[in-house]
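Per-chain numbering from 1; labels A, B, C and D assigned in written order.
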Amino acid sequence: MARFLGIDIGSVNTKVVITADEELAFFHLIPSGANYRTASQKAIDEVLKKAGLALGDITAMVATGCGAAGAEFIGQQTSDISCCARGVHRSFPGVRTVIDIGGQASKVLRVNNEGRATNFMVSERCAAGSGRFMQIIARVLQIDIKDAGALSLKSENPIIYTTSCAVFGESEAISRVAEGTPKEDILAGVQNAIAVKISNLIDRVGLEEECAMVGGGALDVGLVKRTMDRLGIPLRVPEQPQLMAAYGAALVARENGPS
Amino acid sequence: MAEEKKKRAITRLESSALVRPLVNKMYMEGAAAGMEGRPVAWSMVNWWEGDIIMRAMDVTPVYPENYGTVCASDGIAQKYLGVSAAEGFPTHLCGYAQNTLGYSTEMKKAGQVPEGAPMGGMAKPTFMLCSEGFCDARYKWFQSLRQFWNVPVWTLPFPHPAYADLSLQDVHKVNVEYMAVELKGFIEFLEKLLGKKLDRDKLKMMLDNQEKVFKVWWDINELRKARPGPMHARDFWTMMVPCYYLAYDPETLAVYQQVYNEVKTRVEAGISAVPEEKYRLIFSELPPWHSLGFFDKLAERGWNFVTESPGYHPPPPMELNGGGDLLQRIARWTYWSYVNTGYRAAKMGYPTVGGAQPYYNWALEYKIDGILTHPLVTCRTATFWLTHSMNVLRDKLDIPGMSIQGDIVDLTVFDAATALNQAPAFEESMEHFRQVRKSKGLDW
Amino acid sequence: MFCAGIDIGSTMTKAVVMGDELVAQVIGPTGAEHRHLANKVMEEALKRAGIPFDDVACIIATGYGRINVPFADKQITEITCHARGVAYLFPTVKTIIDIGGQDAKGIKIAGGRVVNFVMNDKCAAGTGRFLEVIAEALGLKLNEIGELSVRAASKAKISNTCTIFAEQEVVSRIAEGIPIEDILAGLHEAIASRVFRMAEKIKIERDMVLTGGVAKNIGMVKAFEDLLGYPPLIPEEPLLTGAIGAALLGCELVKKARDKGEAFERGERRLEAAKFFQ
Amino acid sequence: MTAKGLAKAKEIYAKRDLRVRELNAQGKKIMGYVCAYPTLEMVTAMDYVPFKILGSMDEPITKADTQVPTIICPMLRSMLDLGMKGKVDFIEGFIGAHTCDCTEKFCHLYQYNMEFPYYHFLDVPHIAHEASFGFLKSGMQLLQKTLEKHTGKKIDTDRLKEEIKKHNALRALVRELYGLRKQDPPLLSGSENLQIMLALMAMPIEEGSEMVRDIIAEVKERKVGRPVKKAGRLLLWGSPLTETSIVEMIESLNDNVVMDDICTGTRHFWPDVEITPDPLDGLAKRYLNDLKCPRTFRETTASFEEDQEARFGYIRDYAKDWNVNGIILQSMKYCDTHGYEVPAIKAYFDRIGIPAMYLEHEYTMVALAPLKTRVEAFLEMIV
């Protein structure tokens, strides 16, 4: 049984996965922090420790994500779009459209029956359209991002932000709190804002069911629900949505073999 | 060192080097005419209609659109765009227009060619010539230039018949006649303005040359259908200017004939423009002039851009009938350069419409694996059909498309890094659709 | 006669009371969580002026939060108020650039009156907020980042426009060992030129006055000086021009009414919290 | 429908397809058209009810972005979007026109997506040279041909002249209606007026005339709902407005909008058609020369000032006759035709002492607050 390593060096977190052939066997996740190189090295050391393996036991590795260039020691690199497609396909072979809510941008991609990306669209780099918006507002409301989704589901009437900028959105949230707006409504407002941006991307790529949501944003049950409501279709979410690109990278490593 | 290697990824045509002098000559003529007080016209790309007549009357045209690309690669365009905005022009207007409006403001202020204007600047116009062709927002642009240059503006009409009409020869007759009558008006306007008569023999000589240039330029593009692709889009972009502006000029013909010979030799020897042709692509719309090295990086991955936006190509061999009167001949070519694709679409039963039709045809003829579109944020005309074109290629021919945003003048829009990051994913799409085409019995 | 002006910005509330000249001024608590407490700032200003609420002839509210101010008689846009206030302090002014927490404005003035203006209120890039976010991320005070930036040897480029991502980029650039001064210099130049480009749409002419919080930031002043080729004028208290203008416009309204032999029509004033959202 | 006068206009405005769907159900055929240039006299001569295809500022665009880029005219994007959502399934076809670059391309793409049984594209020249009128005339003859081919009916000259009279009658009534806003306060608000204009573009011509007649009588009489006197008397210039939101926003401040020069206002109705022996001559002259839209290049070899006079003189006359003290040059983003015009027109009105402000919007009803601050400041500037 061969071992493959995939690492996704994202703007917020660095995720690394070791597979036993195609099976996701071990993973580790740490904040990318300021230096992608140190982060990726640390993440790899950690996951190897977990797996009780040495770097030599790994047949092939692939790096992806916006920090991949900073981890040239890994050798092979490829687009996080391909990796995401691969990872999702292995988890849900029936999925044809993938929504990836990342820390810096959101992506929508179409996937074929072999896990290849056939069409894709990436959002502009504006925090208001990415997972970051939710983190910012959660921090303002002094809510752990993990609980934000659940709380938001309580919302009866989500607010409509008067601005399309995450920074102004932050101040707006603060003064709404001061005016007594319930936190859940403020959170739900963010999710709606992001859901609109997602469906615009989907409109351009074209929606084909089944549809999955991955990336850190998919951990937010509220965002998943409101996106489903907007699209009017169910969304599949893998157990570890934030690992999909790293997992896919390992699968690509398996295809490519040692460099 | 790495830079060096990248530079070599695309094998450029040796003969394309012969083109640069022609372009320089064009700019030097313009500057000289200005200094010697000879008549200078600010002219739009007018699709071989007005230029040849101006040339026959010894007017030296200068081309604000082309000057926009010059200012863009020089970097000074950013400044002119700011000045244009300061004059109150919306920033969503055509980048070339904003550049010219800014340039004109500066030139008017300075009373001469403004400090730092590249290629000797554009001399003050004696008059300005608009064309409605292809992008009819352009005549609004020259109209607004009048607040800087109190000189006459002449607009050449350019019929844009409906798709449904395109099979009707009598519609074409009406349209060409209208254009010819207006050309007559243009000549009268010039003769009055310049106080001299048009030399028709000279005009005829130039027109004959122009038609020969169309032919050889067209033949070059036919050769490019060979596998592997012998000539990369980069060579086309280097060489397209003379065909636009100097088709009347025997030198242009001579140079293009050399290009033809070189491409032909390559085809016969099976020489490819890129190291290893893995993917044949169309590049759609004007390239990011400032970072053409981008194409070498893609060439290293085996991407060969075997052709590019048909809109910048010469008209195909004439299929419209009509009289041999000089003005009608001129008008017919200009008109044909616009309607030929729709004319062909009509014959094919409209597989698509508008700007998408030529892509459809060429995708088949060049056996294209993918289309890379470059939407230009301030050029609606160029951008309008790109989405539709990508849809049609994907839905009707199973050819995928990828899109990178850019602009004709604002160099900051184009993000090569992101595009290169997405390249592997797009290669997957191209591979995927290759399988689909095979399964449908298509031969590439 | 005393009139009051209150300028409720996105981060600070500014109140002044004016008679024949400035009688009292208060710059209120910062931060969005205090926005609605504008009434406290007003009270404080009145207390310092020693004038009872009812004796104030006219109260004008301006700024981002002007819409629901229960104790104001009238609202006037920040554009008109800034213009009036600056023209009062600098009679020769032709152009104002005001960089606030939630927007940036360019105002063209002739004979003390607004003749043209342009503003950006779409996104935090190019507003005072941008610098606040960066300062916060670096654990520095606003005035500190300005002083640091002018000590830069060279200017580092920050590729992200979005404030949030720029913040992140800054942190990692520092980790790469790029001197903080250079990064700050780069940022100051980036914002200044973004605002400058916008203001150029109304053609910047001397005298040019820079107002808003960032006018206290010598890094920004320097960056503008580089772009303009001459130093911009800075009010003693660049935060107050809007409130001063509001108070002055209030006095004019009252006078206008009196000249017509009418009484100025007050709103039904309640010294209560302002609302931003319903 | 039973409502009359203002109520009727409001009802149709609220649901622009209300009346045409009714008529369609009664067997009337509906012909869509784009912009102000198609020859409506021919459409009604064929017993079609003309329906102006418009976008919607409050319906989010969800389908059209798969077909066109987002940097083109947002109204055309919206029109395509509504079409793809089946909102115009009652029209038998449509007549497009080459008014501007985007419209020309849009028409072909629209038909490609909608596959209406009938489609004609009228190629309107952008210059008004002598030969241009003949060219447009031949274009109209082609339109007549395709209409006749599609319907199997013929249009005879007398019928066409009758239709011209009908349309002229409506045009006269519309001018009379606008006249009611010359007084201060105006008898009709700017947003009411826009509602009426939009309703008129969605009902039969004679029915429209009757509605306008009722409205004129009604507003002269009415006690409630009259606009109040305000400091600003504004003229609204620019690109089509298909909802009243922006006008309402403007009129929620210290002003009344008393006159307009927009595609969904005076531009559509103002000039009459002169009835010439061959009616097509009068029609060609009306649509190419008399209809005032920046899309037509008004050739002049004289000075720039005379140039401005030729291009904007008619707006100055509006401003004078309606006693306007401020002009709002509104345009949706990405409109080149209006965009290029802005500095020249602003300079013109600065010179004759009427302040003007350029107001660029995104063709949407949301996020009007920033625009409101701008208009508010403009009013504080002028009054």
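The rule we apply is simple: a contact is a pair of C-beta atoms (placed from the backbone, for glycine too) under 8 Å apart; a residue touches a chain by one contact, two chains touch by 3 or more.
Not measured: the values here are computed from a predicted model.
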Each chain counted as touching chain B and chain C at once: A, D
Given chain A and chain C, the chains that contact each of them: B, D
Most widely separated chain from chain A, with each centre as the mean of CA atoms: D
Chain pair, most C-beta pairs within the contact cut-off: B-D
Euclidean distance of C-alpha centroids - chain A vs chain B, Å: 42
Geometric centre distance via CA averages, chain D-chain A, whole Å: 47
Where chain B and chain D are represented by their mean Cα positions, the distance between them in whole Å: 35
Shared-contact residues (touching 2 or more other chains) in chain B: 88
Where chain A touches two or more other chains, by residue: 162, 164
Set of chain C residues in contact with two or more other chains: 122
Topology of the chain contact graph, where touching chains are joined (line, ring, star, complete, other): complete
In the complex, chain C residues that touch chain D: 76-77, 79-80, 113-115, 117, 119, 121-122
Chain C partner contacts - residues on chain B that touch it in the complex: 82, 85-86, 88
Interfacial residue positions of chain A with respect to chain D in the complex: 162, 164, 196, 199-200, 203-204, 206
Chain D to chain C touching residues, read off their complex: 370, 373-374, 376-377, 380-381
Complex interface listing, chain B residues touching chain D: 87-90, 92-94, 97, 130, 132, 135-137, 139-141, 143-144, 146-147, 150, 152-155, 157, 159-165, 171, 174-175, 178, 181-182, 185, 350, 352-355, 375, 377, 380-381, 383-388, 391
